[in-house]
Every structure is written in C-alpha cells, then in structure tokens.
Amino acid sequence: MIQLQVIELSKTFQRRKVFENISFSLRDCDSLVITGPNGSGKTTLLRLLCGFIRPTSGQIIYSEQGHNLSWRQVRQRLGWVAAELVLYEELTAIENLNFFAKVRGLSHTTADSKRLLSMMALERCGNDPVASYSAGMKQRLKFAFALLPEPEILLLDEPSSNLDEEGRRLLDSIIEQQKQRGLLLVATNDPREVHYGETLLQLGAGDVSNNEQRFTF
Amino acid sequence: MNKDLRSELRTKYAINAIVMFAVITLAAISFTVGAFALAPQFQAALLWIVLFFSASSGLPRVFIKEEESKTVNALKLSSSPLGVFLGKLMFNLILLLILASIIVPLFIALMGVNIKGLALFVLIVVLGLLGLSGASTIVAAIVAKAATKGTLFAVLAFPILLPLLITTISATDYAMGGGTITGGFSHIQILVSYIGIMLTISILLFEFVWQE
Amino acid sequence: MLWKYLLGLWMAAVIAAAHLLPIPQVKGLGETARIIFFHVPVAWVALVAFTIAAINSIRFLHGRNMEFDYRSYAASQLGLFFCLLATITGSIWAKVTWGSFWNWDPRESSIFVLLLIYGAYFALRSAIEDESRRAALSAVYTIIAFVTVPFLVFVIPRVYFSLHPAPLVNVHGRLEMDIRMLLVFLASLFGFTMLLFWMYQLQLTITRQELKEE
C-alpha cells in the first residue's frame, strides 16, 4: 500500500506565492479533500503531487513498505482527472485509451478500452472523435483515462463539474471503489464534494499569508 | 516507443500545412530565379534553404500542439521522456522524408537541375534530413516551452544546424557534379558523426526540457 | 584589491609594448599586424566565456541551483561583448588589409556563428518568464550550441576551400613571430584572460542582484 508524505511544501511562481508550508501524510486507503477559493493553489498542489512541476521548497515522498518510490514508479500507479481535457480531441475515445495504455506499457486491448467506456456509460460513442463529445461526456472520459492503470493513487480535480445525475452516481461508485483500493485526493470548490474524503485540507486565499486548517471528520 | 506510430496517426491531419509552405516557397524561388541558370553550388544551397525553412514552419508544431491542447500532461504522466522524444523524432523524420520526396523532384524539375551522382545525392539528402530532424526535435521542445513561438525556432535552430547545412550543401554540390559515394566519404563521415552526437546529446538533455 | 592595480599596470604595459615594439615587416601587413595583440586574445576570451557558460549550464542542470544560472548568464553576457569586439576588430582589420569589411573567410565566419549563438541564447531567455524554466532551457541550449562548435571549427574551413576557389590567405597563421612579438602576444593573451575573470566577477555580482530582484 502506498503512503504519501508531504513535508513543508511551498510553491511560488515568479513573485506570486501560491502556498507555503503544507504538510500532511496519507496511508493505505485514506482520502483527502482539498478545498479553497479559486487561486488558492488546489490544482497546483495536485500537479505537484503528479510530479508535473517541481516544488519551490519542501518534499513530496511516496513510499511503500519503507522504500521510497521514484516518480516513474509512482506515475505508473497514479490516475489523474484534470480540470481541463488532456486527451487528444482528433482521436476517438477508443484510440485515446488504447494509445495511453500502450504508452504506459499496460497490456491492454481494445476490448479493455470498451469495457472502461461502458463503465462510464460511453460505449456508444467509443468510435467518435472526442471533439464531438459534450462537456459531460468529456468529463466521463477523463475518468476512463484516469482508471486505465487501476491506480492505487487517484487524484481528482473538480470531478463533478459538467456531470449530470447519472454521471454523479458513476462518480460516487468510482470513489467508493477507490477508497477500497488506495489513496484518493480530491480538489474541489463544490461543497457537495466535500464529503468524498475523510480528511480535509483547506487552502487560504491566494496570497502570502495562508491559513490552513486540518479538520478530521 | 509505441509513441512513434501513434504520433503520426493522429497528426497526419496537420501535415498539409508544411507541404503547402514548401511548395509555395519553391514556387516563389522559381519565379524569381527562373530565367538565370544557376551554378550548382547555388542550387544546392537553395535546396537546403528551402528544406530548412519549411522544416522551421512545420516541425515545431509537434510540441506546440501538445502544449496548447494540454495533452503534455497526460503524456508526462503516462510515458517516459525517452519514449516521447523518440516518438517525436520519428515523426519529424517521416514528415521531413515526405516533404523531401515532394520537394526534391519539384525542385529538380523547376530549377532545371542536373544530377549526375544520383546515389550520393539521395544518401546525402537522407542523412541531411536525419540530422535536421535530430537537432530540430529538441529545439522544437525548447521553443514549445517559450512564449514567442514563430521565429524563435529558426533563430535557435539555425546556428546549431549550420555545420549540418554547410556539409550537406557542399556534399550535394559535389553529388550534382557527378561525385561518387566513395568520393564523398569525408562529407558522409561528418554527417554521420553530427547525427550521432546531436542525437546522443538531445536524448540526454531532453529530459531537462520536458520536466519542468 | 591589489591585483586589480597590477592587472591595470600589466595591460598598460601590454598596450604600450604592442604599439612600440618593432615588429618584423611582413609583406602587405606592416603595422597592422599589431592587431594580433588585441584581436586574437579578444576572440580567445569570447570562446573562454562561452566555455564557462557551458560548464555552468551543466552544473545547473545537475543540481538546479540558480547560482549556476546566474554564472552562465553573466558569462554569456561577457562572451557576447567580447565576441562583438572580436568581430568589429576583425572587420576593421579586414578592411584595411583586404579592402572589404567582410569576406566570409573561415575565422570571420566562425566568430559570426558564435555571435548568432549568443543572439539566439538571449532571444530564448527573453522569451521565457518563469525563472527556473528559463534557466533550464537556456542551459540546455548552451550545451547543445557548445557541442556544435567543434563541428563548425572543423567544417567551415572545408567549405571555404570548396566554395571559394581564390583563397584569401589568412595571414595570421603565416606570421613567424619573433620572440619578442611572441612574448607580447602571450602577455596580452594572459592579460585579457585576467580581464575576463575580473569582469566576470563584477558582472556576476550585478547579475545576481538583477535576477534575484525579479
């Protein structure tokens, strides 16, 4: 089971300090919800946790049974749902999933892609280019993408945006499943999503002085 | 490494731009120079200039497109830097080969070029393109992360490609004049070592460009 | 502190010697041969600066310590400065000796390319706002550019011979320097190198201030 330790993490872009001195640690099947107003750094934090950007100071340590994991190892077991669409719009959903699975080195067939799509209720549009999808469909596709490696770490950025009722129900079941499987982190503005996690991290408003509070339900 | 095929597949849609540019440039040159019979050195130089500038307009897009559509992040998450680099490299190479297979015959026809050492000529073109794509790919990656895309690529790429261009131009000139492969060996050596070194260095450094 | 004065004296001596020392009369050159005391060291220094920039680029990529980016940047600024000096002095000399400002002879071309590389470097730096990104990308570029330089040195003379059938003799290589000239030349070389290091320290301090304040 993967553990995550964040130690005094800060990030500054140019002169703008996004946040500083964030620390927390998660293990086994913990789940964390990150809230805060726009600009408080929720997405930045997630991106740091994915290893896309480097921290200005502080440490992010993923470990398993006492051994630290390299970013490569982490990324193989990490799924991420971004606020924007990060898949190729000119390709079809199936092509996208097949591509990313292949690039990740997973043994994955088109049948597997179809299965993922039907899990997200997208099986009928598997062969259409993603550009033709509605916002809600794109949102669901993001989940299919994130779930490709059956991730032990799942990072969700504003997951229920654009989702209809059925979509939300799907999201709920994904979250339940993830809590059984491993770590879950959710960044959100939406008060309804706050209950997804057992612990809460609240980021302050953009500027230098941060007020972070940790609540445990 | 599977990125190769996939990369092409999806960006076949964008190949038109680069071919159009090259054809237009060629037409422009042909109009202006038309009547004068140019010495082979100039023809050789022109050919590579056209190839270089067409490449400048087309190759950077490989990375810029990814940055724009944010797919960079999905890629960063899913694959290794090496895989991404090789994939892009292959794609650029194939793009250039397609470009050349259209341009070169056109060039020969329009400019009334006479090529006596055909084998060497083809070899030089292929090696030259290899070098071009090898160096350009990493420069494209660099440019994609910067703000002012357009001309920046040509500015950065030109000094680095200069040894390559100079060698290919003089080798092409030699080939046109009836050179043999053995005769052009020293040129080939230079090209091959350039390609080798540029590729090695690009592979080593790409990771630093890719990782923020 | 003291050594700055020593350097000043040294350079003064070099300059004096450069102008006063009787030099052997080489055909067609005459007094203009004196340029060798200034032009060549300056070009040399531009190359040294480039090397410093490249080495610091490597060190930066190794540990991501911004200090090395400052050094690289400072070195490049000086390199550009000396490169310009070299190009201009070379050009003036060319005009006086060969009659035209620019001839694309191998040395001229090489220094020109170095100028292009610096130009590209600064263009790149000005195109990126985020400082750590800028540092990383310019470091990568510097290293790549540095690697191509040996090729240039090798390739340009070849081209020169194949494209320009009427060789313009680069007399620098032909001069047999008599011992006194050689001494002054080496002294100048040394002096300019020291000058570079001194300016480098200064520039580095300035650069550190500038970049830190951003």
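Every chain is named by a letter (A, B and C) in the order it is written, and numbering of its residues begins at 1.
In the analysis below, contacts are C-beta pairs under 8 Å (C-beta built on N, C-alpha and C of every residue); 3 or more make two chains touch, one makes a residue touch a chain.
Quick caveat, the model's predicted, so the values are computed rather than measured.
Can the chain contact pattern be summarised as a line, a ring, a star, a complete graph, or none of these (other)?
It is complete, because no pair of chains fails to touch.
Sort the other chains by how far their Cα centres are from that of chain A and give me the top one.
Most distant chain from chain A: C.
Tally the contacting C-beta pairs at the A-C interface and at the A-B interface, and name the larger one.
A-B is joined by more C-beta pairs in contact.
Could you say which chain's mean Cα position falls nearest to the mean Cα position of the entire protein shown?
Answer for the innermost chain: B.
Can you check how far apart chain B and chain C are, centre to centre, with Cα atoms defining each centre and the answer in Å?
So the centre of chain B lies 30 Å away from the centre of chain C.
Just give me the whole-number Å value for how far the CA centre of chain A lies from that of chain C.
It comes to 51 Å between the two C-alpha centres.
Starting from the mean Cα coordinates of chain A and chain B, work out the distance between those two points in Å.
The mean C-alpha positions of chain A and chain B differ by 38 Å.
Check each residue of chain B and list the ones that touch at least two other chains.
Counting only residues that touch two or more other chains, chain B contributes 212.
Identify all positions of chain A at which a residue touches two or more other chains, and write them in rising order.
Residue numbers touching two or more other chains: 54.
Residues of chain C that touch two or more other chains: which are they?
129, 132
Which residues, counting only chain A, touch chain B once they are in their complex?
47, 50-54, 72, 75, 78, 80, 82, 84-91, 95, 99-100, 102-104, 145
Please name which positions on chain C make contact with chain A in the complex.
Answer in residue numbers: 64, 129-132, 214.
So in the complex, the part of chain B that touches chain C is made up of which residues?
41, 135, 138-139, 142, 145-148, 152, 155-156, 158-160, 162-163, 166-167, 169-170, 173-174, 186, 190, 194, 197-198, 201-202, 205, 208-209, 212
Please give the residue numbers of chain C that touch chain B in the complex, ascending.
Contact set of chain C toward chain B: 61, 113, 116-117, 119-120, 123-124, 127-129, 132-133, 136-137, 139-141, 143-145, 147-148, 151-152, 154-156, 158-159, 162-163.
Note which residues of chain B are touching chain A in the complex, please.
2-3, 6, 9-10, 13, 69-80, 83, 211-212
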